[in-house]
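Okay, so chain A shows up in both of these, paired with chain B first and chain C after.
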Partner chain A sequence: MKCIYCAHDAMYPDRAAGVCPNCKKGYAFEPRTGSAYSDMAFKSAIDAVSANGTVRFLPEHVRYELARRKRRGRGTSNTCFTFAVGSVALMLAAPLAGLVLSAVFGTIGLLAAPGARLKLDGFQADWSRWCSVHSDPPGLIKRRHTTKVAEPYRGGDEMQQYSFDRAVICDRPETVDLLLANNFHFENNCAVLSPDGYPPRAFDTVKAMLRQNPKLTVYALHDATFEGCRLAQMLASSPDWFKGRARVVEVGIRPGHTKRLRGLWTAPSSLPSEFSGITDEERKWLDANSAELFAIRPEQVIKRLFKAITSDVDALSRDADVWTDKRSLAVESQTSDGGDDAFG
Partner chain B sequence: MRIVAQPGASFATRDLRARPCGRIGGASGTLDPARLRAALGAGAQLVGDAMAIDADACRLDGAPVDTEAAWRAATARLASIEGAFAIAWRAADGALHLARDPIGHRSLYYALVDGELVFASRLRALVDAFDLPRRIDARSVAAFLSYAYVPGRRTMLDGVFEVLPGETLRFERGRGLTREMFWDLPAEAAHDADDAGLIAELRAELERTIADMLPAGEPVCASLSGGIDSSLVVAFARRLHAHPVRTFSITFGDAHRDELAWSSMVAAHCGTEHRVVELPAATIAAHLDDTIARMDKPNGDPLTVPNALLFREMAEHGRVALNGEGGDPCFGGPKNLPMLLAELYGDGNETDDDPRDARLRTYLRAHLKCFDEVQTMLAPEVYRAACPTPLERDLAPWFEDPRWSSFLGKLMAVNVRFKGGHHILPKVDALAAPFGVLPRSPLFAKAIVELAFRLPSRLKLRGSTEKYALKQAVADLLPAAILERPKSGMLVPVEGWFQNELLPLARERLLGGLARHGLFRADVLEQLVSGKMRGLRPRRGVKLWLLVTLESHLRALGC
Partner chain C sequence: MSGICGYVGADDPGTLERMLAAIDYRGDTSLVERGAGYALGYRFWKGRPGKAPAIVREGARVIACCGTLAPPVASPAQAILERTASDPRALGDIDGAFAFARYDETTRELVLGRDPFGVRSLYYVEHAGRLYFASELKQLLAIASLPVEIDATAIHKYLTFSFVPGEAVPVRGVRRLLPAHTLVYRDGVLDAQPYFALAESIDTNLELAEAVKQVRRLSKQAVVRRLNGEAEVGLFLSGGLDSSAVAYWLKEAGANVRAFSLDFGERSVELEQAREVAKVLGIRLEIVPAGGADIARVFDDVVARLDLPFGDAVTAPQYLLGRAAQEAGIIAVFNGEGGDQLFGGWTSKPMIAAEMYGDLYEHQEHTREETYLRSYHRFYGLEDELYTPAWKAQVGGPGQRRAHLRPYLGDEAAGVFLNRVRLADISLKGSQNILPRAERMANAWGLDVRVPLFDRPLAEASFRMPPEMKLHGACEKYVLKLALKNRLPEDIVWRKKFGMSVPMTDFVLGPMAALLDDLLGERSIKARGMFRPEYVRALREGHDVASETRRRRVGERLWALAMLEAWLRFVDRRGAR
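And then the complex of A and B:
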């Protein structure tokens, strides 16, 4: 097993004490004694979600990355199944060879049967173990707002004179944190809120600033849950939000986007009091499943969101009160948010 | 008319005498005048019994200040002079005085050598003429990486300083050097004034200021981007000037996004003689060193070379060139909204430090350069020397000054001083000079700046409408589309350049040139050149331009 610090590859007897025999740094995991991964595999997942330390992330992103890698491994099960079927066919022509192949691939396929749901038990304990041995990884978002009550912003009187033309409204505070920690608001001139009053320091001031702007465009970013899929409709129809005041654009994950996330689905969310904004077909899927934005790497979420907010109206379709970005958030985007230097 | 700019003669060979006056210099003690004159170039003036004056379009109480007698009389009332100036004179008691205009249209540099004051309006001339040591100031390197220029008194050379805008220096043997601000940024006015009255006052002041800047009896040139600032200057010039108004816009070729549709609309609306100057990457590369060598402090703005080439074209058509610089910092330009967002949300750093520090960091981050990467880019020992205190702490006095109570007022103050006096105005002055062109920036005129400080914040940013008062003041002069268009900025295709035509230049300058100074980590330079960068905003082109510029600047200084 390789050490993440010095890359020394140590055999089990040499690392049994839990430290690298070369650099004496500790290991967080030991696959030989039951750990699900090696330290290098865990680090590789962190590197992937942080784009090698250039993008801020939450622990949940690492959890999904590990699951995604596990799912990719399970991809062999699909292949195995295909080979097993092929082997049966071969058996008809060459009975012995076909029997052997069928048995091998069929067994592997059954052992790693594909599932739609995210399965990664014990992640929280593994994460705590990693952080205690290697300390918090660079780029980890620490959600301070959940641990203490923030004072409202004090310069509200002056701020009420101003407004912003764009806002992203997220269905959960963690997504707000993701965008703020990556300076999405600052780089894109865009307010970010979640309907439950997050972030508390800025919420009232920013919401009031937005509501006075007749040119406002609001982007609804959410999980594929009942509440998430209702978000855009709620923002467009609620007098407390932006009814008749803004163009609301749907940019979140809806059931129709979740095919690519198969294997990372989660249990259904609780039923809402009403279903406006959700189609019957979507409801069927949501009755049995949900999918979280965490399933998509932060870099992709932010790049896609950037593309959505800078797209012209041709990229949108309209259905009653809500506009929809025709491109799925679950599709990878190569778009960078600018690069050329703007002056003048 | 469209002109494709070709590589031409070095800017250093241009005849500076087309300017009504050259650069200035001198010393409190003995000096070699021939050497200083040669270093300063044609038209140089050295302080002696006579004053040394580098000035343009100066007025006092409405009357021109254009003779030494007038300047002698005006030294007691420097704060009341409108116009661009850097002057030096000896008082009756023998003390040597230096002064720079309030906003920073002209520049002056100085050093203390063996207990004597030496100065010049060109830093390179000062260093050459007095054999000053060329020690690189590490903190200035860090500042340059963050701002793309070096604000304040520091220069890239340790021990060589800039006179601040609005400052006088007095040097007397035995008593040394004393500094005094003869003019400073005004406090924010009480915000109970009548909005309509202020907008009318702004309109009148714009008209008066631009009229004063028009050259009598000859055509005037103007740069025209199609944004509100340059457009309003052109519109006023066209109405007020009896001679042709010749406007110039730039493009980097049809493959690149530009603002020509907007600038052409304004030119047609106003009836100017309009020219589009196309700037191929090869021409940019050919004049990079030329351009950087003209500037006294490094400037990492990718528009420097395009600016210089535009002045080269303008020189064929006029002696005075107007521009719209100043509209953004003075009237609520586009950088305010992201700063407001960061003010409300913090800067994404969850540490529990003072939120005022987050504000300072955000201000630096808003420059979209390398503030967050200074530590990883600089060699460890250079970083330690550069940042014994965090770079952002230098900004604290600006945000804590009680003269400006509103957040927008604080931003305006620091922007006028930093971006105006240390970045934009020195840049246009330095780049116009080789071509004998006199750049004039009416929106940075002292009277306009003073009036801007009297405008309440609600007249700068109203809702999400930027430069509200400015737009209202000129609403009848420009097409509605210009007033309502969002700010786009001039997009300089640095990303594309450094993937193609300018990549060999970057490789040579970073790995061969900059590396030898030992300022940067070698792996960082190699990574930048290789292009293997990940993340949301690699901004490789911007960073490469910044470092190529720095290398060229150090080369020009002889470091």
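And then the complex of A and C:
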């Protein structure tokens, strides 16, 4: 197993003490004693979600990255299945060789049969272990817990005279964190809030500022959950938010987008009190599943959201109060690294 | 379209002449005044209208002055000499675009001075027992015995700001006199002091309608104050609000105007708007092609005329505009620079967005200064990607870049948040970047540049207006827009700001690729030893860091690096062409 610091490849007996024999730095995991991954594999997942430390991310992104890698492994299992079928055919011609191959590939394939749901138990414990051994990785989003962060912004009187060019409203605070920590608000003069009052320091003032822009465009960014899929409709119809005051554009994940996230779906969300903004077909999927934005790498979320907000809103399709940016959901970001997850 | 130079100290034969020769494109004639312990030089275009002798002696006092005052006077040199008769720093309400050197033979005191907003530059260096000064750095490089050593910290700042801020320039020992400052040199002691500083003084009783009237009156006055009897003046017309506003007020002032606009081919952003403004105002418009190949051809000359590294790609198109204006027989050009800084343009918005959210996360600093530095979108925060370890070790400790911002952004007493951002914008981006580079590019073609929106009465009035008159909701420059309502076409007044968007990424990856091969190719990068070849290579292949969403940053960053390398070569040959 390779050390993440010095790349020394140590055999098990030499690393049994949990320390690299070369540089004496510790290992977080030991596959020989039951860990699901090596340190190098875990680091590789972190490097992928952080684009080598240049993009900020949350631990959940690493969780999904590890799951995605497992899913790719299952992709291997599909290949194994194909090989197994081929082997059966071969068996007809060369019985012994075909028997062995079909047994090997068939067994591997069955063990890793494709499933729709995200399965990665024990991630939280693994994450804690990683951070305690190697400290927080570069780019990790970690909220400050200071009074200043929790208190409302003090210069609100002046700021309420100004506004933003646009707003992204997220169905959960973690998505707000992802955007703010990556400076999306700063780079795009964009308000970022979640309806539950996050972030508390800015929430009331920013909401008041949004009233100052009569040409505001609002983007609803959300998971494929009941509440998430209702978000755009709620924002467009609620007098407390943007009813009659802004164009609301749907840019989140909806059930129709989740095919490529198969294997990363999660348990259904709780039922809402009403279903406006959700089609019958979507409801059917949401009754059995949900899918989180965490399943998409941060770099991709940011680039596709950027593409959405720089698209011409007038060119979007409109359904009642909500505009939908189908293009940004359907295509990969031009500058992406070609990650395999689709944003819906 | 002129320049000065000189020194105080023992006679230095031949040096003054070399310093004057280094700026031969600033004039065809030189004047020299020498005395015991000093020498003054002035270079200018003989026969230009409105030009009076710019080296003036009055008793023991002698002055060399380049540039013009606003309103114009017959002899700026004489006017400054009179203003400073009793107190060398007493420039009062002086305005315009000038730099001067005044020497008193009795007291052996030298006074240097620059205009309030920094259109004209002035550099100085203490060397071999003398104090040398000049309008351009290349004139100081002409001092044969001056050691030339690159200042890594100043380069580090350039790579953040896209220009070198503050007094230090990237040649060690050479200092820049800041705008609105005078410097007194006597008995070997240097003392620089400001004579003017913008400050907030909000008039809470000011009604919007009155503010609009003030903007109209003062803007027109600012334009009139910069007309100097020219038969025809040029205007660099982008089609945006600010240059269109200047076009309107020039016409209202009765000036004979000829406009010049850039054509970036299919990537032109505001060309149609420029045509519309010219048509509505009855201004003759000349379209100037500015493609990547055009820029590649003039690049070396742009670098030499800029004199210092300016990393914004707008400079080369400005150079092409200047050439077109000169070929059309123009000697003075107006532009619309300053509208954003004075009236709360789009650059304020990201700062407000960042201010609202504050410092939410661990391991991530979100101070105002840090945010402001990031707003330049060059290499702040990318040092680990760009710098080699050896270069990183040379650039100095943390906090040096932020120190330039602290007087504005960090000082709660400096006023409301918007005004603090505007003060930083005016003092840094405006006075140390936009104005000097515009002056250099105009002077490259012997043109006098006029920047009416950087006008003292207008700027002071803007700081008396409540901030919401400038940034009104999401509407930028609100009071300026109201001032132009029904005077310019509606879509010119109210359309969203685009700015002069040079399609530099297309250029550097396309028609300029061969030039970049030379400047930023593997061999050049390795020889210089400052930057990581793999990062520069990735940029040249069109790839930036993963967190970057905008493709245009590739071009902006490559341009800044190419400009720096070309400028370093320019210094390597001591400014020689």
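The definition used in the following text is that the second predicted complex is superposed on the first by the 302 of 344 C-alpha atoms of A that agree within 3 Å, B and C clash if a C-alpha of one lies under 4 Å from a C-alpha of the other, contacts with A are read in each partner's own complex, and residues count from 1 in each chain.
The rule is short, and it goes like this: a residue touches a chain if its C-beta (ideal position, glycine included) is under 8 Å from a C-beta of that chain, and two chains touch if they have at least 3 such contacts.
Owing to the predicted nature of the structure, the values given are computational and were not obtained by experimental measurement.
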Fit or clash between chain C and chain B when superposed on chain A: clash
First, second, both or neither for A:N189, with chain B first and chain C second: both
Which superposed partner A:N213 touches (first chain B, second chain C, both, neither): both
Chain B versus chain C as contact partner of A:S276, first or second or both or neither: neither
Which superposed partner A:S238 touches (first chain B, second chain C, both, neither): neither
Contacts of A:G155 with chain B and chain C, given as first, second, both or neither: both
Which of chain B and chain C A:Q124 touches, first, second, both or neither: neither
Touching partner for A:D136 - first (chain B), second (chain C), both, neither: second
First (chain B), second (chain C), both or neither touched by A:F164: both
Shared chain A surface residues [contacts with chain B and with chain C]: 51-52, 54-56, 141-144, 153, 155, 158-159, 161-165, 180-183, 185-187, 189-192, 199, 201-202, 205-206, 212-213, 215, 299, 302-303, 337
Complex interface listing, chain A residues touching chain C: 51-52, 54-56, 136, 138, 140-144, 148-149, 153, 155, 158-159, 161-165, 177, 180-183, 185-187, 189-192, 199, 201-202, 205-206, 209, 212-216, 299, 302-303, 306, 334-335, 337
Footprint of chain A on chain B - complex, ascending: 225, 227, 259, 301-303, 337-338, 340-348, 350, 352, 362, 365-366, 368, 406-408, 457-458, 461-464, 488-496, 534-542, 545
List of chain A residues in touch with chain B within their complex: 51-52, 54-56, 141-144, 153, 155, 158-159, 161-165, 180-183, 185-187, 189-192, 199, 201-202, 205-206, 212-213, 215, 299, 302-303, 336-344
Residues of chain C defined as touching chain A within the complex: 346, 349-350, 352-364, 371, 374-375, 385, 416-418, 467-468, 471-474, 543-551
